[in-house]
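Dropping the structures in below, format is structure tokens.
Two complexes come next, and they have one chain in common, subunit A, joined by subunit B in the first and subunit C in the second.
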Partner chain A sequence: MITAFGYFTIALAFLLTVYGLIAACWGVMQKSQPWIESARLALLMIFPLITVGLIVMLGLLIGDRFDVAYVSSVISQDMPPYLKLTALWGGQSGSLLFWNWLLAGFCALFIFRKWQDDFVFLPWVLIVMFVTLGFFLSLNVFLEIPFERLWHFPDGTRLLSVFQPFGAQSLVPSDGQGLNPLLRHPGMIWHPPALYLGFVGFIIPFSLAIASLVTGRHDRQWLAIARPWTLVTWVFLTLGLVLGMRWAYDVLGWGGYWGWDPVEVAALMPWLSATALLHTAFLQKRRGGFKRWNTALGLLTFVLVLFGTFITRSGVLSSVHSFAASDIGLPMFYYLSLVTLGSLGLIIHRWPSLHVEYEPEFKFSREVLVLFSNLVLLSILMVCFLGVIYPIISELLTDTQVTVGPAWYKRINGPLFTLNLFLLGVCPLAGWGGTKIFKLRKQLVVLGPLSLLLPLAAWLYGDVRNAYALVAVWLAGASGLVILGECTHTVFVLNRQQPGKALKALVVPFQAKRRYYGGLLVHLGIVLMSVGIIGIEGLQEETQVTLALGESVTLSQYRFEFTGLENYQSQDSRNITETVITVFRNDSPVGVLYPQRDFYPGLGMAITHPGLISNLSRDLYAILIDWRPVSQDEATFRIYINPLTNWLWIGTGVLTLGVITALWPKPAGKGGKAHRPK
Partner chain B sequence: MFLNLLKLRSRQFILLMIVGMCIFLPNEIVMAQALMPSDDEVNHIARQLYCPVCENISLDVCSLDACQQWRDLIRQQLADGRTEQEIKSYFVAQYGDRVLGEPPRRGLNWLLYLLPPVIILTGLGVMYAKLHRPTLAQPAHPDKRTILSEDPYLEKVAFDLENVKQHGNEKA
Partner chain C sequence: MTTLRSSGVKANRLKFIIAGSLFLAALVLMVVSATRKTAEFFITVDELQKSHEAYRGQNLRISGAVIGESIQLDTESGLLHFTIAHIPGDNDEIRNRGGLSAVLSKAVKDPDNTRLAVTYGGPKPDMLRDEAQAILTGTLTEAGEFHAEELLLKCPTKYEEALPAQVGN
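Right after this comes the complex of A and B.
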């Protein structure tokens, strides 16, 4: 009964999208505001409806309702309650429901804003949202139904259906299959929701770009509305990606955080185009122009979100992230094609009217550098796209299966990322409209030698001999210095202006120019993240060795001694092997690592939990690869020294802080005007 | 004469043989072990290979039994004195190009290596062609005040900086 009620809510939500779409179209055709208002109300109603459906689903998961097919496919009795809740997004139909809920939530929140000045956009934004929501809800209502129950007939045949078929009895399995062991991790709480939020939110720039193209209002208004929403979505996507990296680092057991798996790459692509959009949106806001570029990026970002969703959910490519094979591949392909071709057709149609008001001159100026950096971001995006689709192209054209693995991505993208790190450092030095290089001689005289200290320190104390890593370290150091210099410069200026008020000087610029300093903080965060990435990509050391109890292995300046092994059965029927490695540096103990291996007998799968000792300069990371039964007490370990990895997580924190600073609302009345020049 | 010697001293000879075996056999084993490639050597090659079953997990970190057998095969081939290239070629011959983590540079695969530089060079070219114009519709140095006036904060900072310059000059 409750399952039928849950199904009823999402079916009603779907019907509302159909009604809303018709109402909005009719409103546009008749130029009738009441119809458009009615469509708007319909959209606002969809979110509470799906919320009810979602609560029903969560109740089924927590209540161990194994007669519901989805529940029995992702839940088992031994799972802790928090994992049962996260199982909502652990399978295809449940995660689609969750996706729809977030999409409807984002749309409702956006539609809730005041539209008086921009009413012309509203019907088209509504139409885009209804089409999108309608499509994804239809998948949940017709193809991937999370509320389907298991039934069996007297002759033994089984059936999945929301409602009881005539003559059938409910089938209640005693236990479910349970969540894939890889997903039984606290990372499951945060990574998928953050990533989903970071995907669905791009419907806002997309719908506004479509609205601006259809209505012919190509001024910067649509972008002004879209920009804060894009920034919020972008930061969720960044957090989603980094949380995924952390999860991989903690569980997957290859000492890394990013495997260039097709689904990872597909999630990175909208991040790249959104990053480009945020930069040129800023240019358009300041200087006008870049209309074609921004409109194209607004459309592209959401198309890439749909492409990523298609890759993950259709089963067209194999990946650790993919859902089980499903019927939704073909409809998703048609929908993706429709959206792509529609967007393309619309922008081509409007291309002449998106005329350029302003184009910067080709010289050393901030706008040219931003454009150049955009070009690099889009090149990385195209490289990623090529890497994802090439295996399909190769199989279609030459009937040869190929693997495009991390080695290729690193070879091609490494220099491009490094180039962007360079641009990120140089950009604050260049002024708007152009700066003569010789005018920067003072800064360069200070920055040049200072920035060389970091690679020098890496050479002398870190024993780094990898030229590429040294260059990257130098660039990261220089970029960081430029950003810090930019921050402190204004502080010095204000402090000189009002001597003795150092604290005020520190706070005032952040209050008065939130966006600018927020932006600098975001860039500082990216630089710090790059430091972490350089550490793990360029400076990682590793060894694999089989040790008997009491034996040790030396890697770099550390000695790892295997000091203990324990094997036991957990309450949730895992076979757990815990090992102890004591780490020494110059014969003084540094800490203890506890690499662990959990074997799930029912599923025949083992999951590694690395041992980790972490500080700002390096991570000591050990994985238990294998162990011999008690007679020999021998175990095989893979040991890594990952320099600077912590900066990847710290940088993400700084980046988030920067976005919060940039988005912090202006203080009402007084604050904004208090420091205004008289 | 020699045989006689052997006959005469057969007991001693057998004893000598046993002692010799005791001394040299463990050495033989130790030498074989020393020749056996280390896990690191095996992983160096395994990292570049992907088994056809696993989903985008390189061979050095895959925990499946099949992958363990592949790693043992690499170890055996390394012990037999095969080079890295020979071992990779062996796997390609057995299972096709898909076992390689990076597609080999031949045929259509050249797309993967040539397209990225072409993309960025074309982008640079287009950007240069669009922005590098002998005559500009706009002034080359747009009036900073008109730009700054769009942003009240920047306006304030410009004002502050102007102030500082003046103060500085006065002090000087």
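Right after this comes the complex of A and C.
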């Protein structure tokens, strides 16, 4: 009964998208406000409907309803309740339901805003949202139905259906298969929802860009509305990606922290185009122009979201992250093609009217730097796209599939990311419209020597000899210095004006120029994240060794001693092997590592949890690879020293703080006009 | 804001075009060189065993079914040894033969199937077990063994929604 009710809610939500689409189109054709209003209400209704369906699904998961096919495929009795809830997004149909819920939520929240002189956009925004929601809901209603139950006939045939087929009896397995052990991790709580939020939200710049193209209203208004939504979505996507990295770092099997897997690359692509969009949107606000560029990026970002969804859910490419090959591949491909060609056609049609009225002058100015960093971001994007589709193209052209892997991406994207770090670093030195040379010289005289200290320290104390790593460390340090210098400079100036009020001086510019300082903080976050990535990519040390109990191995300045092995049964019937490694530096103990391996007998699978000791300068990271029967007390480990890795996570925190600063509401009564300290 | 005289506009635009083209040219060079050095041919075990010569020295990507009893970790060298059996490279063909898990299972049990010995230096992955699909990246050694630098594993049972094995009343 309850499954039929759940199905009914999403089917009704789907019917509402059909009605809403017709109402919105009719409203536009007849210029009838009531029809558009009716469509708006229909859109607002979809979210509560899917919410009910979602609650039903969660109830089925928590209630161990193994007669529901989805539940028995992702749940088993021994799973803790929080994991049973997260199993909602542990399989294809459930995660589609969750996706639809978030998409509908984002759309409803956006439609809720007050539409005034921009009312002209509303029907088109609605139409885009109805088409998108309608498509994804139709997958849930017709192809990947989370509410299907298991049935069997007297002759033994089995069937999946929401409703009881005639003559069939309900089939109730005593236990389910359970969630893939790789997904049984706290990372499952935060990573998929953040990532999904970071995807679905891009429907807002997309629908607004479409609305601006269709209505011919090409002024900055659509971007002004879209900007905060894009920024929020962008930060969710960033968090989603980094949470995924952290999860992969904490569990072996996902491959380090970033493996350039097609699905990872596909998730990075909308991040790159959205980053580019946020920058040129700022340029358009500041200088005008860039209309074609921004409209194209607004469209592209969501197309890339759909592309990534297609790659992940269709099973066209082999990846650790993808779902099983599924029937939804073909419809998704058609939908993706339709959206891509539609967007392309529309922007080509409007190309002449999106004319340029501003061209920056070619010199050392912020405008030019932003433009070039955009070019670099989009180059990385193109490289990523090429990498993902390379196997498909090569097979079409040469009949042999040729694929590219992490080495390929690193060779090309490494220098590109470094170049962007450089552009990001020097940007605050350049003024709008150009910089006076004497001012620049003054700054470089101070910053130049200071920035060399960091690579020097790395050379002397860190024994770093890798030229690329040294350059990267220098760039990261210099960029950080420039950003900090920009902040302290303002504080000094204000403090000189009002002596003794240093604290106020610190707060006032942040209040008045939240966006600017928010942006600087985001950049500082990116610099810190780069430090972490440089550490793990360029400075990592590793060794693999088999140790008998009591033996030790030395790596860099650390001595790792194998001091214990324990094998026991956990309450949820995992067979856990836990090893103990005591770490010494100059014979004084640093800490203890517990590399561990959990075996799931029911599934015949093992999950390896690395041991980790972490501080700001390095992570000591050990993986238990194999062990002999307890009598011999011998085990094989792979041990890594990952310098600076913690800064990757810290940088993400700083970045998030920066976005919050930039989006913080204006203080009341200040009129909102930003002022610059003189 | 700087306004440019119309004669300056062209020169200004030219500077952008030159700088952009230089950058793009460098990018294309990087892509070409990276592809030459690291791109991998995706082939099947059959294709590889038929023409060792053609593929020796190339970067290869190869997919096969892991034979469980062949998995061995050499604790001296830290190298992992195992053997994979041929499976078709084409998704449609796999589907026609009853899906990935059926194909993998058949590939492992059929002794006439072409096989390939593999060594791998990385940590032993959790999902390396009998009838898993291994996707390997690496090169063919002189001895005809496959030296894998990367190892990606897929166990179809986790992903494909099969009806549960244990069924109550």
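The working rule: the second predicted complex is superposed on the first by the 660 of 678 C-alpha atoms of A that agree within 3 Å, B and C clash if a C-alpha of one lies under 4 Å from a C-alpha of the other, contacts with A are read in each partner's own complex, and residues count from 1 in each chain.
The working rule: a residue touches a chain if its C-beta (ideal position, glycine included) is under 8 Å from a C-beta of that chain, and two chains touch if they have at least 3 such contacts.
What you are looking at is a predicted structure, and each value in this text was computed from that prediction instead of being measured.
With both complexes brought onto subunit A, simultaneous placement of subunit B and subunit C is prevented by a clash. Once the two complexes are laid over each other on the shared chain, residue contacts for A:Glu634 go to subunit C alone; subunit B is not touched. In the superposed pair of complexes, A:Gly176 makes contact with subunit C only, with no contact to subunit B. Touch criterion met: A:Ala69 reaches subunit C, while subunit B stays clear of it.
When the two complexes are overlaid on their common chain A, residue A:Lys114 makes contact with neither subunit B nor subunit C. Of the two partner chains, subunit B is the only one touched by A:Thr490; subunit C is not.
Contacts of A:Ala512 after superposition on the shared chain: subunit B is touched, whereas subunit C is not. In the superposed model, A:Gly91 makes contact with subunit C only, not with subunit B. When the two structures are aligned on the shared chain, A:Gln401 is found in touch with subunit B and with subunit C.
In the superposition on chain A, A:Leu378 makes contact with subunit B only, not with subunit C. Between subunit B and subunit C, the overlap after aligning on chain A sits in one stretch of 3-11, 21-29, 93-101 or 147-155, namely 93-101. Comparing the two interfaces of subunit A, the one with subunit B and the one with subunit C have residues 252-253, 287, 318, 320, 322, 358-359, 361-362, 372, 375, 379, 383, 386, 390, 400-408, 411-412, 416, 433-434, 544-546, 606, 608, 625, 636 in common.
For subunit A in complex with subunit B, the touching residues are 252-254, 259, 261-262, 286-287, 318-320, 322, 358-362, 368, 371-372, 375-376, 378-379, 382-383, 386-387, 390, 393-394, 397-398, 400-408, 411-412, 416, 432-434, 490, 493-494, 496-497, 509, 512-513, 515-516, 542-546, 606, 608, 625, 636, 672, 675-677.
Considering their complex, residues 1-2, 4, 9, 12-13, 15-16, 19-20, 23-24, 27, 30-31, 33-35, 37-43, 61, 63, 73, 75-76, 78, 89, 91, 95, 100, 121-127, 129, 135, 137, 150, 152, 154-161, 163-164, 166-169 of subunit C touch subunit A.
Subunit A meets subunit C in the complex at residues 66, 69-70, 72-73, 91-92, 150, 158, 171-177, 180-182, 252-253, 255, 287, 315, 318, 320, 322-325, 358-359, 361-362, 372, 375, 379, 383, 386, 390-391, 400-408, 411-412, 415-416, 433-434, 544-546, 597, 603-608, 623, 625-626, 634, 636, 638. Partner subunit A is touched in their complex by these residues of subunit B: 38-40, 43, 48, 50, 55-58, 60-61, 63, 96-103, 107-109, 111-113, 115-116, 119-120, 123-124, 127-128, 130-133, 136, 138, 140-142, 144, 147, 150-157, 159-161, 163-164, 167.
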